[in-house]
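Order of writing sets the chain letters: A, B, C, D, E and F. Residues in each chain are counted from 1.
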Amino acid sequence: MPYVNIKITREGATAEQKAALIRGATQLLVDVLGKNPATTVVVIDEVDTDNWGIGGESVTVRRRAGR
Amino acid sequence: MPYVNIKITREGATAEQKAALIRGATQLLVDVLGKNPATTVVVIDEVDTDNWGIGGESVTVRRRAGR
Amino acid sequence: MPYVNIKITREGATAEQKAALIRGATQLLVDVLGKNPATTVVVIDEVDTDNWGIGGESVTVRRRAGR
Amino acid sequence: MPYVNIKITREGATAEQKAALIRGATQLLVDVLGKNPATTVVVIDEVDTDNWGIGGESVTVRRRAGR
Amino acid sequence: MPYVNIKITREGATAEQKAALIRGATQLLVDVLGKNPATTVVVIDEVDTDNWGIGGESVTVRRRAGR
Amino acid sequence: MPYVNIKITREGATAEQKAALIRGATQLLVDVLGKNPATTVVVIDEVDTDNWGIGGESVTVRRRAGR
């Protein structure tokens, strides 16, 4: 019954990579807490780099500066 | 003053259906807890089926398999 | 498969009232979008009045001022 | 290490305005709680006006009615 | 830079189990997307069983009924 | 109408500091986007240090190690 939300910047994650995140997060809850995978929900949010900030600046600006 | 967030897969919900979710969720908070509808916020997130997992697989894969 | 998160201030909602929110939100998704209630998740967060702000001030302050 | 999520309606916020939100929210956590800006994350969600409700109706409807 | 939020019912997860969730979720983002673990944030929310619903009823009621 | 969620570790923030976060976040939305403060909601979540991870380890472990 757990709910997992994964937020990443939108920078080209493929459907296969997102499937691997879903599979891995679900398995983690099974392994660590014995949760039922059938009712474990994983939601991935891909966020534009203009809309994600760290260190007070957007990821767009950081990428442009090579950070 | 309540805040309600509804997450659904992006599979063609219409503006009318989303308006019905907003109306219904707001009314629920009025009916059950006597909350003020004027300051009740409802936010609907529509999530791509590649980005929503249940049972360890994406909804895209489940739909393709007829699940 | 929807996920609904309801945030309210912690001001004495009873288990019965919370059960009514869970029941009502689940039914709303069934009625409006034909979703499967068996995999519809509802999570209620009760937030201390010091930690909830509207109009730039906390609900604690608003309650004290009779707002 | 704080995490700030800002949800606004999608109504034309520019990259500059979003950068100002990131900068301002990060600085707020520095000023008030002495948090380290280097690990402060800000995520901005822009939500379609059909998907945001207040007072039981969508922002699309409110804008059309001049509210 | 990813942000992962894991919501589980509050039913006695230990500090060791929660550390394993943090470690595992962080490693998953490294393995699948090559993300930097130093800026990967994991937040675990433990939710009272009265406040978590599935199938239209609270987990408290489901546990009592042996579901 | 914006909604701001601020997540911090539970390490003794006072009611005054939380009021300053509410005031500052609300003002930020007024200054940058001209939003109406009367319907701007701020919710602060304080998270136990066992439940917050960065760099693959909990804040509890990091504090103990002087990080």
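Operating definition for what follows: a residue touches a chain if its C-beta (ideal position, glycine included) is under 8 Å from a C-beta of that chain, and two chains touch if they have at least 3 such contacts.
The structure displayed is predicted, hence computed values, not measured ones.
Chains that touch both chain B and chain C: A, F. The fewest steps needed to get from chain B to chain D, moving only between touching chains, is 1.
Among the pairs E-F and A-C, the greater number of C-beta contacts is found at E-F. A separation of 20 Å divides the Cα centre of chain A from that of chain D.
Averaged Cα coordinates give chain B a centre that lies 25 Å from the centre of chain F.
Annotation for chain B: residues touching 2 or more other chains are 1, 3, 7, 21, 25, 39, 41, 43, 52, 54. If touching chains are joined by edges, the resulting network of the protein chains shown has some other shape, matching none of path, cycle, star or complete graph. Counting only pairs that meet the touch rule, the chains in contact are A-B, A-C, A-D, A-E, B-C, B-D, B-F, C-E, C-F, D-E, D-F, E-F. Within the complex, the chain B residues that touch chain F are 1, 3, 39, 41, 43. On the chain C side of its complex with chain B, the touching residues are 1-9, 13, 17, 20-21, 24-25, 28-29, 31-33, 35, 39, 52, 54, 59. For chain D in complex with chain A, the touching residues are 15, 18-19, 21-23, 25-27, 37-46. Of all the residues in chain F, the ones that touch chain E in their complex are 7, 47, 50-58, 60-61.
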